[in-house]
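You will see two complexes here that share chain A, one where it goes with chain B and one where it goes with chain C.
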Partner chain A sequence: MENLFTLFLQPELLLYLAGGLFFGMYAGAIPGISVTMAASLAISFSFGWSPMPAIATILGVHIGGVYGGSRSAILLNVPGTPAAIATSFDGYPMAKKGEAGHALTVTAVQSVVGGLIGALVLVLATPLLIKFALLFAPRDYFMLAMLGIFLLSSLTGDSFVKGMFCGVLGMFLGCVGMDTMTAVNRFTFGNVNLMSGITSIAIMIGTFGMSESLFQVRDLRNVTVRKQKLDRMRPSIKEVVKYFPLTLRCSLIGAFVGALPGTGGDIAAIICYDHAKRSVKHPEVPFGEGAIEGLVAPESANNAAVGGAYVPMLALGIPGDSVAAIIISALLIHGITPGPTLVNSQPQMFYMIIACIIVGNIILLPVALTGIKVFAKIAETPKEILLPIIIVLTVIGSYAANNNVFDVYVMVIAGILGYFLKRHDFPVGPIILGFILSNLLELNLRRTIAMCYGSVSELFGQIFTSPLSIVLFLILAGMLAMQTPLKQVLKRKEKAD
Partner chain B sequence: MRARKVLAAVLALTMGITVLSACDNSAAGTTAAPANKETSKTETSGSAGKADQYPDRDINGDIIYGAGGGTDLISRAMGAALNEVLDVSVIMDNKAGGSGVVGTEYVLSQEANGYDICFHSEAITMFQPMELSEAKIDDFSELMLYGSGAGVLLVSKDSPYQTIEDLIAYAKEHPKELNIGNTGATGCPTIYCTMMQKILGVEFNYVNYDGDGEAMTALMGNQIDLFIPVNFTAQPYVESGDLRPLLVFHDEKVNGFEDVKLATGLDAQFQDYLPYGPFFGAAVSAKTDPEIVKFLMEKFTAAYDTDSFQNYLTSANIIPTKYVGEEAAAYMKDAQAKVWTLLYEAGTTSLNPADYGVMME
Partner chain C sequence: MEIGTSCEVKGLSMEKKTFKIREYFFCILVFVLSLIGFLVSVALFREHPEPDSAAVFPTVTTGIMMLTSFIAVLQVRKNCPELTEEEKKADFGGNKVIAAIKEEMPLNSFVLAVSAIAYAVLLNVVGFYVSTALFMAGTITFLRRGKKIKQTLIVTAVSLVVIFLVVEKIFQIMLP
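== the complex of A and B ==
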């Protein structure tokens, strides 16, 4: 147990952690550099260092980066990292109203609280959560992915049909690439660069970063630069308490989703945004126009997911999300084999990681509150200067993903496509959600079919003999039932009473 | 106002030109090379014939898979060892994609002057059978193979099967009932499973996963009944007791699995196919000057013998393998023959190896 205090016995580790937080936060805030990319940069940086400072830095980058993405999401409507996509829905409207300072403070505080809850889950619930995560059969992952697809309806905005179109478009784009099972090339047109599928970062930067910039360029003359109100910037305890029930729910969901291998902060944030929409019936400001709840939910969820991602990593050596995978490589580079033996073979490292996650989230608060004034001012920069800079950053960011110019072309095409979609009021959020869920959905469906030997009765037999599967199935069935005429009948009955 | 517009136009044009020219990735002698530790001579672009001056600048090491994977890690360990025996640095870079095709084709597209070394895995043997790329083993001068692995059949600790014979007996009576994890049609688990199907006459039900990690998780959660990862991936899970090894696909004992039955001991027919497993090596384009190739082979051998590399092999549980030059190429071709034959018989590929003069010994 004294290993838990290694972090304090070697105070220079705290400096590395804080350095990683700063770097991660500002890198995550730059549109075009995602938290995964920032972590890869940190790994190449720290290649020659000794293991503990290197790992502390990368953990700091992870925590800081997931928060940092919210800054550009709020100020520029360009999420800095996939986990911040949902933050832009209510964050940007707030900035347009001049309330960017308040929005930035709320996200900072919620990220810290959510991260701490996630860290708590990591410490207390790892053995339990791991048993749970191992029980997730392919059919359960499939149902979870279906749940995600149902959530597309939350992101559709005014036109359901347009939203669905974008969701399906995203799912289709996710199919491009070589199928691992059969080695058949799908829609790759013989191009070697498409064989591993379309690079997700390139699509994300294109549909959010490039298209938004192009869209704003068009309206340059109409956009009035709003002076940002820089009051209400000290975090208020009252506000934290007011939204705490929502924060707690979203953090727990976030930690759990993060703990599932293959799902991370991005999916957690969107699930919780939808949950907030469903559970908060009467927000002060409607969702999509600057509701505080719309910031609380995704930001606490995505930071909690960071803690969750380390549950399978520490217990089994299997990454819960992409940055945890990078930490695994960092450990391997330094000669440490992550896996179930880590706690026994390298207890110092094991407990240091846990301590870093806890302390990192605490240090995040002061770090996150720095530069809010400066960043809020960025929203006041004339667009003629800001937008070209963003466009350059999107090009750099999409190239940096794989050192491949092809990804830049993908990004530009996605940007132009997104621009035309936005012009005609198509929501671009569902594209990314569809894209992310496409693999999860398809691969797990095929595994499920393999495991029930292709027989539907066998499948239902398997579902109803597993408590986990029953619960997921009922949630899905319930959500479907809520959308049918049955619900209208029930509502009318309620009104009549 | 007019001046501002003109200025803006000029700046935009300049930015556009710089961005486009910076996009040109092929650095074959046209960009300034970073300073070496020793003398900085004038660089010779297109130095295909200047073997006596080689190397006069840093060498590019192109890894065909992404950062953090097995290939990446051993390649970087070798790169670090090379830095100890060379005067210049080997700059490692990942050129991942297309199951190894992107990196391989990239190296072949560069000038064959010895400044682009392809750090690869056994993936190259798959290109021809699976029609992934025009690149063939003969397009390369293989420098050295320095590490390999052997498959280990694992079951979860709750599994009812205590020995491999139990498992095989059950599988024979219930064909296609036991679920086996695999990582794609050309992945090692599938190859070993095909071997088992052919030699022992058992059939399993394939459940596909994206990688070893996912399949191991599924095995631990009892979603699948067995899985055949490579020994170095399996090690930590066997040590912790989460998974049990029943069979090793090798013809001699493997470190960490000394008590486990060998496939060749189970059935002598395995002798035809084993040893087979993932392997790692480095190569340059076949058009490279033979003097340069010879020089590199010596340096790689020296790097292999360094303590740092040997320590890496031990800590990563990779089977030390030392095949240089011609031997390495022969090993690769033999491996390709084995895997191509198996893939053809399994119906995964429609190309008959015999049509291409590829025969198993």
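== the complex of A and C ==
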């Protein structure tokens, strides 16, 4: 338990955490800069630091960034992050009525409360899942990781097929380089820079940062910058108590959704907004016109999902969302392998991550209530200036990882590829998840093949004699079946009945 | 027709009219690239035919990429947006392929992408600060169509100073 207080025994870690919160909040608040982009940049800047300050900073970026998206959602009706889409439904109407200050206060408080509940779920669920994780065979890890890719592919974008393509593209990019087991070169084409593989940071920054900039610059005529009036903001305990039952329900849903591999705050927020609309029968103000419940639900859910996302990450080494995937990348860069052995091999790191999430959510409140007017000015920055600056930051970020210009080339290519993929509704999120999970997937696939001596019948025999494997296999098969024409046949049959 | 924007003909969006040609081209291109990747993986598998060799994972992944991109090609017709009679009769304002290219990557995006490539190439030639100054001043001036040049130069200069102080002095990252 003393490891939980590592954060307080090294007070400078609190500064790194607060710095990350600050950076994440402003990055998340600016439309066009996603939490994933901000976290990728944070990794590249903290590459040379020791592990704990680097991880504390990136965790702060995650927590601050998820909240930060609500600022521009309320003030500009432009969600800063996908997790804030639902916040704009009632946040912006409140701002139009002159209640922007009140809306911002509610989102800040609910983010903190939701985040703390998510952190509590993390503390309670992770040790249980670790015990459970020790029962996982290599085939179970493989199926669970594929489940994450399936889930993200089906939930992002309109086409599961396009999502799967991107997820598998990420897996393929992750295996470029020299194979660690047999030293066979794969897709290196004799290039010495590719032998150690493609740098994950370059892919992340390219697909999220560069491609988004190229996408947003397409037509600047339609961008309007709105100015807002803001008054003093004071949190109300009475309001917290009044809406606590809704906060609690949405936080628990958010933490659960966040814990599912491949899903995150954006999905949790939409699910909980819908839940609030169904469960709150007589709001004081109708939903969509400035209902406080319309802010409470998504904001508590998306921050609770942050805590939830670290449950599978710490217990299984499988990220709960794309930012957790980036954190895994950061841990691996610093020589730390997340998973069921982390709590025994590196207990200080394990508990520091948990402590950062708890303390980060507490520090979020004072940080969130400051600098609103400064933010309003930053958010009014014209896109013609903002987007080139973002590209410069992506160049710096991708170079800083290995001090190698080759990574900048990779980032630019990934950015242009990402632009065309987005143009054709191929979601880029699954690329990152597939890339991060590539090593885990390949290692467990090869172990599974070795354990069943390359025999398919032996493989299915092993799957169908293990209850856990059967459950995972059926979920995967069910998800795949629901994406085929079978789904349309069942729907038509339902309509006819 | 104003440059840097997606083409508009008689107030109607080119997006819908060029959807089919653009979508088919891209999905077929993706399929062909996946096929090439698959063939290279199979060649590697022939050199290392063990069931748990280094060639299995690339072969499986490129195979799935081929399959999914093929399905995406088949789904293009289904996903084509419905055109109204008026939209069907409207012409492309010139060549169909040129209209599709302009819609696929409008001038702003094209210039920014080419500038980013030039920026990356120049990093090792003239160094970070010169290449960044050229990139920022050039792209902001282009996006503003030559307006507010003084402000552009000030923003560029201030950005370079901030980057120097934060990145090199505070984060101790040495730029090229």
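Rule of thumb we're sticking to: the second predicted complex is superposed on the first by the 265 of 497 C-alpha atoms of A that agree within 3 Å, B and C clash if a C-alpha of one lies under 4 Å from a C-alpha of the other, contacts with A are read in each partner's own complex, and residues count from 1 in each chain.
The rule we apply is simple: contacts are C-beta pairs under 8 Å (C-beta built on N, C-alpha and C of every residue); 3 or more make two chains touch, one makes a residue touch a chain.
Just so it is clear, the model here is predicted, and its values are computed rather than measured.
**Q** First (chain B), second (chain C), both or neither: which does A:A450 touch?
**A** Both partners, chain B and chain C.
**Q** Scan A:S213 for contacts with chain B and chain C and give back first, second, both or neither.
**A** Touch partner of A:S213: chain C, not chain B.
**Q** Once the shared chain is lined up, is A:A477 touching chain B (first), chain C (second), both, or neither of them?
**A** In the superposed model, A:A477 contacts neither chain B nor chain C.
**Q** For A:V408, using the defined touch cut-off, is the partner it touches chain B, chain C, both, or neither? Pick first, second, both or neither.
**A** A:V408 sits against chain B and chain C alike.
**Q** Which of the two partners, first being chain B and second being chain C, lies in contact with A:N193: first, second, both, or neither?
**A** In the superposed model, A:N193 contacts chain B only, not chain C.
**Q** Examine A:L128 and indicate which partner it touches, taking first as chain B and second as chain C; both and neither are also allowed.
**A** A:L128: touches no partner chain.
**Q** Per the contact definition in the header, classify A:V395: touching chain B only (first), chain C only (second), both, or neither.
**A** The answer is both, since A:V395 touches chain B and chain C.
**Q** Once chain A of both complexes is superposed, is A:T182 in touch with chain B (first), chain C (second), both, or neither?
**A** In the superposition, A:T182 contacts both chain B and chain C.
**Q** Now for A:I385: first (chain B), second (chain C), both, or neither, which partner does it touch?
**A** second
**Q** Indicate the residue numbers of chain A shared between its chain B interface and its chain C interface, in ascending order.
**A** 181-182, 392, 395, 399, 403, 405, 408, 446-447, 450
**Q** Which part of chain B faces chain A closely enough to touch in the complex?
**A** Residues 15, 19, 23, 25, 67-69, 72-73, 76, 93-99, 101-102, 105, 130, 132-133, 176, 179, 183-186, 205-210, 213-214, 216-218, 220-221, 223-224, 235-237, 239-240, 242, 311-312, 315-316, 348 of chain B touch chain A in their complex.
**Q** Which residues of chain A touch chain C once you look at their complex with the stated criterion?
**A** So the residues of chain A in touch with chain C come to 45, 48, 159, 161-162, 164-165, 168-169, 171-172, 175, 179, 181-182, 184, 186-187, 210, 213-215, 217-221, 383-385, 387-389, 391-392, 395-396, 399-400, 403, 405, 408-409, 411-412, 415-416, 419-420, 423-424, 441-442, 445-447, 449-450, 454.
**Q** Could you pull out which chain C residues touch chain A in their complex?
**A** Touching chain A from chain C are residues 2, 4-6, 22-23, 26-27, 30, 37, 40, 44, 48, 51-58, 60-62, 64-65, 68-69, 71-72, 75, 79, 104-106, 108-109, 112-113, 116-117, 119-120, 123-124, 132, 135-136, 139-140, 143-144, 155, 159, 163, 167, 171-176.
**Q** Under the definition above, what is the set of chain A residues touching chain B in their complex?
**A** Chain A residues touching chain B: 40, 43, 133-138, 178, 180-183, 192-193, 195-196, 261-262, 312, 316-319, 325-326, 328-329, 332-333, 335, 337-341, 344, 392, 395, 399, 402-405, 408, 443, 446-447, 450-451, 453.
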